[in-house]
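Got some structures for you, see below.
Shared between the two complexes below is subunit A, which has subunit B as its partner in the first and subunit C in the second.
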Partner chain A sequence: MNPALPVTAARAALARCHACHLLSRMKPLAPGSHAHCPRCGAALHLRKPDSLARAWALTLAAYILYIPANTLPIMTVVSMGHGEPDTILSGVRVLIAGGLWPLALLVFFASVVVPVLKLLALTCLLISVQRKSRWRPRDRTVLYRITEVVGRWSMIDVFMISILVALVKLGAIATIEPGAGALAFAAVVVVTMFAAMSFDPRLIWDALENPDER
Partner chain B sequence: MSDNDIRHPGPAGNDYLPDAVVVEKRRGFSIVWLIPLVAALIGAWLAYKTLSEQGPIITLTFREGTGLEAGKTKIKYKALDVGVVKTVRFSPDLSQVIVTAEMNKEVARHLGENSRFWVVRPRVGLSGVSGLETVVSGTYIEVEFDDGNPARAFTGLEQPPAIRADTPGHRYLLLTDQLGSIQRGSPIYFRDIQVGEVLTTQLAEDNRNVLVHVFVNAPYDRLVRDQSRFWKTSGFEVSLGAQGIDVRMESLLSVLLGGIAFDAPEHDEAGSASRDGAQFRLYDSFSDIAESSYTRRDSYMMNFEGSVRGLSVGAPVEVRGLKIGKVTEVKLDIDLKTGNIRVPVAVELELERILPPDLMKQFDETYGTLRAEGRRPGMEHMVKRGLRAQLRTGSLLTGQLFVELDFYPDSPPLELVYGGPYPEIPTVPGALEAFQKTALDILDKLRKLPLEQIANELLGTMQGANRLVNAPEWRAAIRSLDATLKDVRTLAQTADRQVAALASDVGKTLGTVRNTLESVDPEAPLMVDLGNMLEELAAAARSIRTLSDHLDRHPESLLYGKGGPGAKK
Partner chain C sequence: MMSDPHSPTFPPPVTDALVACHDCDLLYRKRPLREGEKARCVRCGALLYTRKPNSIERSLTLALAALILFVLANVYPLLDFQFQGRAQQSSVLSGVRELYAQGMWALAVVVFVASILAPLLKILALLYVLLPLHFGRRPWWMAQVFRWIETLHPWAMTEVYLLGVLVAFVKLSDIATIVPGVALYSFAALIVAMAATDAALEPEAIWERLETRR
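And then the complex of A and B:
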């Protein structure tokens, strides 16, 4: 044991149960075997299981879903018998054309900028961890925290649509119908949230513990 | 880093901690990779759906783009959306508006080359209001499909088609010289029932005819036969006949829009209906049909002395009031050598009006060869017998002239002259000149009338009458009569009391009456004057009666005088 290195639970071969918070000693596990909490029986992990694979899969899914989310109409506003399906970007354009700059900016940030930045941040974290990069771990941890916190605000569009659909039911005069894009968009937000959740930020620091490998 | 790679055994001193339970479990493929797979499948499905729902893109050309909006304007068929306008832009030379539109996939195979597109806007026409719903819903493009050769570029109609392609019925083409009041939407009548309408009107390529495309709705289209005749109805007809004025008015629509009527010939009742697109002649009026059925025409020339003012092309040529032809040309002909001015008038005589069919056949047999040489033997013969042409006034109000052919056996003998473009019929001075002469005669006669003498005599008569009324004898007589009446009354009052004295009183009274009557002497100047006056009045009344009788029989003598040509007839 290298005393120069910080002591982590993993290095001490200790694992805390997620369910009952019991601390137990871990032994080296044979491939295909699982550790369980001796008290409550929940699975024990030193690190989130399959963190990289899950995060990668979910990020990839988010990328794929991001395409229909932006190209398909997210809602159709039907007023006075005629209406047009709007995608996110066309909705922003309509808002700008209507002079509603603050609202347009809000929608643009929440629906376009934030999901994209989040996906890019996740990708960046995943690649750096995969490559066991030792580059600015602290900053990358901050990036991860921001990603996790900011992610749920992307749901603002989905909330808005669901509220509008519920409120604006004026029969022949005006109705709002959600489009397939809204579903894809919601899926993007949920999937990126799960991707951020399944990413284990401790992996960022793990790379620093064995400098010999690099 | 994973769970099974702990390289550093736990430090001493944590032995009080329990060991984790290790379970053997086979782990396969991580389920998490199903998520991107599902996402990819969903994405692929959405992409396929979007692409497969993508209908054909078509190009429409319009003259103007009123109300057309990219991404908004719908294309409708039977009031349902079948497409949407994608872009609206100008043609390179700015002369037209080019619209690209995406059609629904389900109608793609109906986009034949004869599909018609037009912009529906509110329209107010004489035959109704249409497109009012677009005030609320916005302008849209209406389409009418055609399952012909597939096409993707179309020229939009400026006007909605009057008849939908799926309306049962037939189209026909009518040819006419003048369009008149006929226009798009003009009704077609059969026995005053509207059975169709005019689709379009256009000038024929030879610029001589006007083509009128009409549509006759089923089931009336079977009434249109090859022998059917179409004519224009003005909707309002006034005819002046022997029975008086006859005003005939059809529907207000045909007054405003004009109209076309047709008939189904009786003898062809069993005949088959005309095919679609059949051509017909459109006559100007019903009477025009009979006129244009005369096919055999002979042309002649006439040279009239004097003015032909009032003689127009189309003026009738008549024999004793019956039309047998018409004037076809009136022109000025100056002989540059002699400086003579002539006005040759060309006329066309319609043989069918003159000869019944059986006589016509005989006529052809007799004169066929001579006629073939350009001779007109029948006319030659009649000119020898004194047939002459004369200009007559048809209407005093408008001064319209017509040509009258009549026999003047006393006129100097002349012959039909060949040599010009047509044989020339000799003429006699026109009725106009004769009329002017007669008018002068009438004025002359009026001038010669002893107006002064008549006035004096009338004055004398009036004075006599005046004298009679104011004569003193007349007053005396009235006074005596008055006294007598008083006596009579007295007599009547005393009659019952003095019956005995009655006789002598009666005798006295009678004597007084006699005296009174005697005082009015038949030889007195008053009575002579009265007699004269009565005689003169009787004579005046007689001559007035004679005059009015004569005018009754010969009203034209007012114009022509007693010896005028009118009196000769």
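And then the complex of A and C:
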């Protein structure tokens, strides 16, 4: 194992480049000017800028988008002249009724469980960092890593719709029309991905740095 | 546009002897690793850096394979849909086109970026950096291009897309005859090739090649 120095990079006034991970010494800058990584040119910050404000805004936006994503139809199957709109949940119900248990479970997990858990996890992380909590920082870091990786899997339904729409174009017999719910759903996934990216996990550990501050 | 490396906004680089954990910011003195070894953060468990054998050659070969598979996956049809004497083929691009034709252009953009644009740009950017490096040359704008790869990474959802196609496949197989196309197999192989490329890649080794100029 590596010998850890008992300090964080930020304490030593070293900024880690987001892109190439090189450490650079941060010097006081004129207001409005940015420091850049000498190796790759990326902007340098000790912490992601406005991390909490950005992550909060995006998480709240995702909560709001989550409502139309689940109530509006994601697609409408029109066969023989009449159509039935499908929401995310009714799509899962159709799969269960058809006896496709493993598939129903997969879609339910990816489209319902993952986005809800991701939103709750982000909210927990944001509240705990906001309150400068010192509670189980390592577990919270792991929670952050999971939310970062898992969110993209919720796109399954959106991709499924794009394939169905292209395949089922049989004129009078059957067509599939994408619904506004699919757009809201894709937006939830994209917005939560941005929210996770703007959150800085180092803030979890910063609370441990200044024990007397709270 | 990169600014002048000698301008005052570029802080003096610190030696590569130090490395900071990207999840908790703890500072470490870097130690040489043997091939295949990994250095992890003792405090939060994050991966600090690794040493991989023949990283550039192996990731280059795998990225070339990924490019070929990407072309196959996008040229051939994914699924053949046969129903009452009518047939319809779908490819990745026809799904995007159909969404656009039905007025869901925002959804079309999301599917296009996640299934075609981001994976393609990622493969091309990797080849742009790795191919010249293999021949001992340094490509122009290498740092910028290599930096984009990390940004593109979460948006390339190839594996999620394949799962969406499989859900569509099973959903329709009850009512019609669905024949998997060449592209479906190419797509599956593409996912393996892209994952193997990522596994073989050692970003530190590539950034260190940039150091030589400093």
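Quick note on the criterion: the second predicted complex is superposed on the first by the 184 of 214 C-alpha atoms of A that agree within 3 Å, B and C clash if a C-alpha of one lies under 4 Å from a C-alpha of the other, contacts with A are read in each partner's own complex, and residues count from 1 in each chain.
Convention: a residue touches a chain if its C-beta (ideal position, glycine included) is under 8 Å from a C-beta of that chain, and two chains touch if they have at least 3 such contacts.
A quick note: this is a predicted structure, and the numbers were derived from the prediction, not measured.
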Touching partner for A:84 - first (subunit B), second (subunit C), both, neither: first
Subunit A residues touched - subunit C or subunit B, whichever exceeds: C
First (subunit B), second (subunit C), both or neither touched by A:93: neither
Partner chain in contact with A:10 - subunit B first, subunit C second, else both or neither: both
Contacts of A:61 with subunit B and subunit C, given as first, second, both or neither: first
Partner chain in contact with A:131 - subunit B first, subunit C second, else both or neither: neither
Touching partner for A:38 - first (subunit B), second (subunit C), both, neither: both
Touching partner for A:178 - first (subunit B), second (subunit C), both, neither: second
First, second, both or neither for A:23, with subunit B first and subunit C second: both
Which superposed partner A:167 touches (first subunit B, second subunit C, both, neither): second
Shared subunit A surface residues [contacts with subunit B and with subunit C]: 1, 10, 12, 14-15, 22-27, 29, 33-36, 38-39, 41, 44, 206
Residues of subunit A defined as touching subunit B within the complex: 1, 10-15, 22-39, 41, 44-47, 49-50, 53-54, 57-58, 60-62, 64-65, 67-68, 71-72, 80-82, 84, 180, 184, 187, 191, 198, 203, 206
Residue numbers on subunit A that touch subunit C, as the complex places them: 1-5, 7-10, 12, 14-16, 19-27, 29, 33-36, 38-42, 44, 95, 98, 100, 103, 106-107, 110, 137-138, 141-142, 144-145, 148, 152-153, 155-170, 173-174, 177-178, 182-183, 186, 190, 193, 197, 201-202, 204-206
Subunit A partner contacts - residues on subunit C that touch it in the complex: 2-3, 5, 9-14, 16, 18-20, 22-31, 39-46, 48, 78-79, 81, 83-84, 86, 88, 90-91, 94-99, 102, 104, 106-108, 110-111, 114-115, 143-144, 146-147, 150, 154, 157, 160-161, 163-165, 167-168, 170-172, 174, 203-204, 207, 210-211, 214
List of subunit B residues in touch with subunit A within their complex: 1-6, 8-11, 14, 17-27, 30, 32-33, 35-36, 38-40, 42-43, 46-47, 50, 71-72, 74, 136-138
